[in-house]
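Across the two complexes that follow, subunit A remains constant while its partner is subunit B and subsequently subunit C.
== the complex of A and B ==
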C-alpha cells in the first residue's frame, strides 16, 4: 500500500474514531497521519467532517448528549496534537474568524457552551472560551483582547438570560456595538428574544451555532 | 370543588369542574413578597418566609396547586461537600458539586435530611403551608429524578461521561441519588405534601440516551413511586424530551408501568396526541411554552395558546394545565395571570 492510500485509510479511521468518541485511537491515528507527512490542515478537515456528521445526527436525535461529549473529548485530544502546528503555520483555517464564548453571569451550565466551542473549533474558528459565570464586562474585555469577530453567549435560566442584553447594551454604550457580531443560545432563548435584545444570531443548538457563525462571517458583515 | 379536590380528581383521571392549574413556581414567591434570595434560601433556610411566599403567591394568582416551599436545586448539596451560590435577585445555583471527584462516591454517607443543612427548613415550610392552606389547595413535593439528582451531585457533564466510560461510577452515583430521593420523598410527604412531582430535566432524551433512561431512570423512578405509594401518594413524572415523537413513545409506556399517576410533557410535545395515546392510563400535565409564549407574551398570545391547549386536551378531565416547565422569580406575573384566567374562563365547566 503506498503512503497516499495508507493516509486515506487512516484518515477514515480517524473520522470513525472521533465519531465513536475513542479518545485513545483518535490521537494515535492523528500522529500516524503526521508521520506520513500529512498536514495539520488535512487532519483538521477530517475532524471537521466527523463533527459535522455528528452534529447532524444529534439534530435528528439519532445520537444524544453523552455521544457528543465523548466525541468532543476525542476531538480535543487530537486538537492538542495539531494545534501548535496549525498556529505556527498561521493556518488559514484559523483565519476563518475569532469567537469569544461564555456562559453569562449567574449561570454555570456549561455543557451546551462546551459543545458549541468544540463544534466551532472543528469548523475552523479560533475559539476563546471564557467559561461560566462570565461578567458582562469580561465579554467585552476578552473580545478586545482577542480581536474577536463574534461574541457568543449562553444561558440556561430565565433569570440569567437578561445578562445577554446587558452585554449588548454595554457594547452600544461603549460605541463598539458594530465591531462585533453577537450570537446567543441556550434552553430559554428564542429567536424572538434574540431579536428583542438586538443579537445578530440565535442558535438553538451547537450545529446551528456553527451555521450562524459562518453566515455572519461569510456575509462579510463583520 | 376545592383546588385540592380538583387536582386530586385530575390525577385520578376524573372529570373536574374546570381545568386545574399548577404553576410549579419554585422561586416566584420571592418577588411577590419582595424577599431577596439569600434572605430565605441561604444559611439555615427561613421556613416562615418561604411559606409566606408560597401562600401569598397562591392568594395573588389563584392556582390550584403549590410547591410547599421555595425550592432550589442545591438544597442538599452543601451537606454533601458541594457549594451553592445565592444571587441577591437570582436563583440559587450549584457552584461546586459535591461529587466532582468520583472517589468521594464510594462510602459516602447520606445526609440526615431531617436535621442537617437547609432541608429541615424546607420541611418546616411544607408543614406551615399544609397547615395554612393545605385543606383547600393541593401541595406538590417538588423533587428531582434519579439521573437529574445524580447530575446535580456529580456535575452533569461528569455523569454523562461516566455513563459511557465508567458505568460503575455512574451506577454508584445514581444509586446514592435514588436512596436520597426516596428519603426526601418520604420526608416531604410526611411534612404535608399531597403528591410527588419528580422534576427530571436530565432523565430523558434531551440529556441521556434511551438505554440510559431504561438502565438508570426507570428502576430509580420505580423505587420512588413505591416510596410514595406506601404513603398513599401519587407521583407525577416530568422528564425532558420529545416523548410524543414515535421513536420515544415506548419511554412513556415504561414510565407509566412504574405506577406514576401523571406525566408532564415539556416543550416540543403534542399534548393532544399525548392525551390520545396515554390519557386512559395516566393524567396528562403540560401547557404553555415558556420560552416561546409565556415569558415573552403578549397576553393575547398566551390566551390563544391556553385556549387551544384546553380545547385539545382538557375537555374530559385527566388534565392539569401548567407552564411547560418551572417558573421562577423575575417571571412576568401578568403573563401567568393571563394563563390562569383564560383557563378558568375557557374550561368552565367540564362536568
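== the complex of A and C ==
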C-alpha cells in the first residue's frame, strides 16, 4: 500500500474515531497522518467532515448529547496535536470568522456552550471561549480584544437568561451594537426570547449554532 | 367533588365534574409572598406559608412543594450557593466515586431535604383532605447528573456505562427511601423530576435500558405506598412518549414543547397526562385573555385522564391575573 492510499485509509479511520468519540484512537490516527506527511489542514478538514456528519445525525435524533460530548473530547484531543502547526501556518480555515462565546453570569452550565465551541472550531471559526459565569462587561471586552465578528451567549436557567439582554443593551449603550452579531442559545431560550432581547440569531442546538454563524458571517438575514 | 377527589378520579380515567387543575406554583407563590426563593428553600414555615397563601388565592385542586433540583444533590455533598432572587444553584460537583462509597438512603434525607418534608406536613395539616398535596423531587438520573455534573454523566453514559447504571440504581433506592418519607409526611403525590431524561440528552434506547427499569421500581414503590406517582420530563420528548407510558407512573407531566393532545392520542389510554401551558412566554408575558384562551382550548382538546397544569414551575414574575386565568380555564369547561 503506498503512502497516499495508507493516508486515505487512516483519514477515514480518524473520522470514524471522532464519530465514535474515541479519544485514544483519534489522536493516534492524527499522529500517523502527520508522520505520513499529511498537513494539519488535511486533518482539520477530516475533523470538520466528521463533526458535520455528527451534527446531521443529532438533528435526526440518531445520536444524542452524550455522543456529541464524547466526539468533542476526541476532537479536542486531535486539535491539541495539530493546533500549533495550524497556527504557525496561519491556517486559512480560521479566516472564516471570530467568535467569543461564554455562559452568562450566574450560570455554570457549560455543556451546550462547549459543544458549540467545538463544532464552530471544526467548521473553521476562530473561537475564544470565555468559560462560564461570564460578566456582561467581559463579553464586550473579549469581543473588542479579539476583534470578534460574533458574540455567542448560553444560559441554562430562566433566572440567568436575562443577562443576555444586558449584554445587548450594553452594546447599544456603548454605540457598538452593530459591530457584532449576537447569537443566543440554551435550554430555556426560544426564538421569541431571542427576538425580544434583540439577538441576531437563536441556536436551539450546536449544529444550528454553526449554521447560523455561517449565515451571519455571509451577511444573510436570519 | 374536592380537588383531591377530582385529581384522583382523573388519573383513574373516571368522569370528573370539571378538569382538575394543579399548576406548579412554587416560584410564583414565593415571589407573591415577598420572600427570597433561597429562604423558602431553607425554611419550611416560610415555604408553607407562601404556598398556602397561593392556595388561598387561586384555589387549585392540587399544590406542590417548590421545585429545587439542588436539594438532593446538596444533601449528597454537592456544593451550592444562594443569590438574591434565585433558587440555590449547584457550584461544586461530586466525583462519581463519592456516590459509590456508601449507601445514599440516609444521606439523601439530610441538608435541606427535610425542609420539603416539613412543608408537606404543613400543607397537609392546613389543607386537610380537600386539596391534593404533592412533593417534587429529583428523579434518579437527574439527581446523579446534578450531583456529578451533566458532562461527567454524559461521559459515563458512553464510556463507563456499568458504573453509571450502578449509580442510577443506588440513587433510585435513595429516591424510594425519600418517597416513603413524603408518604409519612402526608403527601398524596410525588413527582419525579427528570429533565435530564429529555430526548436530546437521553435517547429512547438509553431511556429504556438505563432509566426505565428504575423509574418503574420507584413508581411501583409509590403505588405500594398509595402515592400518586408523577413523572415529569422537560423538552420535546415526543420520540420517547411510548416509553414514558411504560413507566408505571400514574401521570406523565410534560412541558409545552410537546403537543399534549397529540400525546394523548398516542399514549392517553395508558397514562394520565398533566401540563402543559408555556411558562417561558405565555404565562409570564402574555395577557390574561391569552392564558385563559390557551387553557380552555387545551382542556377542550384533552379527554379524560388529564390534569391542567403548567409545563414547568411558574416563573416568579408571572402576573396574578394570568395564574387566575389558567385556573379559570379549567373551571369554565365541564367534562361530565
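Just so it is clear, the second predicted complex is superposed on the first by the 219 of 222 C-alpha atoms of A that agree within 3 Å, B and C clash if a C-alpha of one lies under 4 Å from a C-alpha of the other, contacts with A are read in each partner's own complex, and residues count from 1 in each chain.
The working rule: contacts are C-beta pairs under 8 Å (C-beta built on N, C-alpha and C of every residue); 3 or more make two chains touch, one makes a residue touch a chain.
In this text the structure is predicted, and so the values were computed from the model without any measurement.
When both complexes are superposed on subunit A, subunit B and subunit C clash. Judged by the touch definition given at the top, the superposed model places A:169 against neither subunit B nor subunit C. Of the two partner chains, subunit C is the only one touched by A:205; subunit B is not. When the shared chain is aligned, subunit B and subunit C each come close enough to touch A:106.
Within the superposed three-chain model, A:179 lies out of touch with both subunit B and subunit C [touch as defined at top].
Contact with both subunit B and subunit C is seen for A:114 once the two complexes are overlaid on the shared chain.
In the three-chain superposition model, subunit A touches both subunit B and subunit C at residues 21, 61, 64-67, 69-70, 73, 106, 108, 110-111, 114, 157-159, 187-188, 190, 192-193.
Residues 21, 58, 61, 63-67, 69-70, 73, 106, 108-111, 114, 157-159, 187-188, 190, 192-193, 205 of subunit A are the ones that touch subunit C when the two sit in their complex. Only residues 21, 61, 64-67, 69-70, 73, 106-108, 110-111, 114, 133, 157-160, 162, 187-190, 192-193, 196 of subunit A touch subunit B when the two sit together in their complex.
Across the complex, subunit B meets subunit A through its residues 87, 89-91, 93-95, 156-157, 160-161, 163-165, 205-210, 212, 242, 245, 247, 290-292, 295-296, 327-331. Across the complex, subunit C meets subunit A through its residues 83, 85-87, 89-91, 150-151, 153-155, 157-159, 199-203, 206, 234-235, 239, 280-281, 315.
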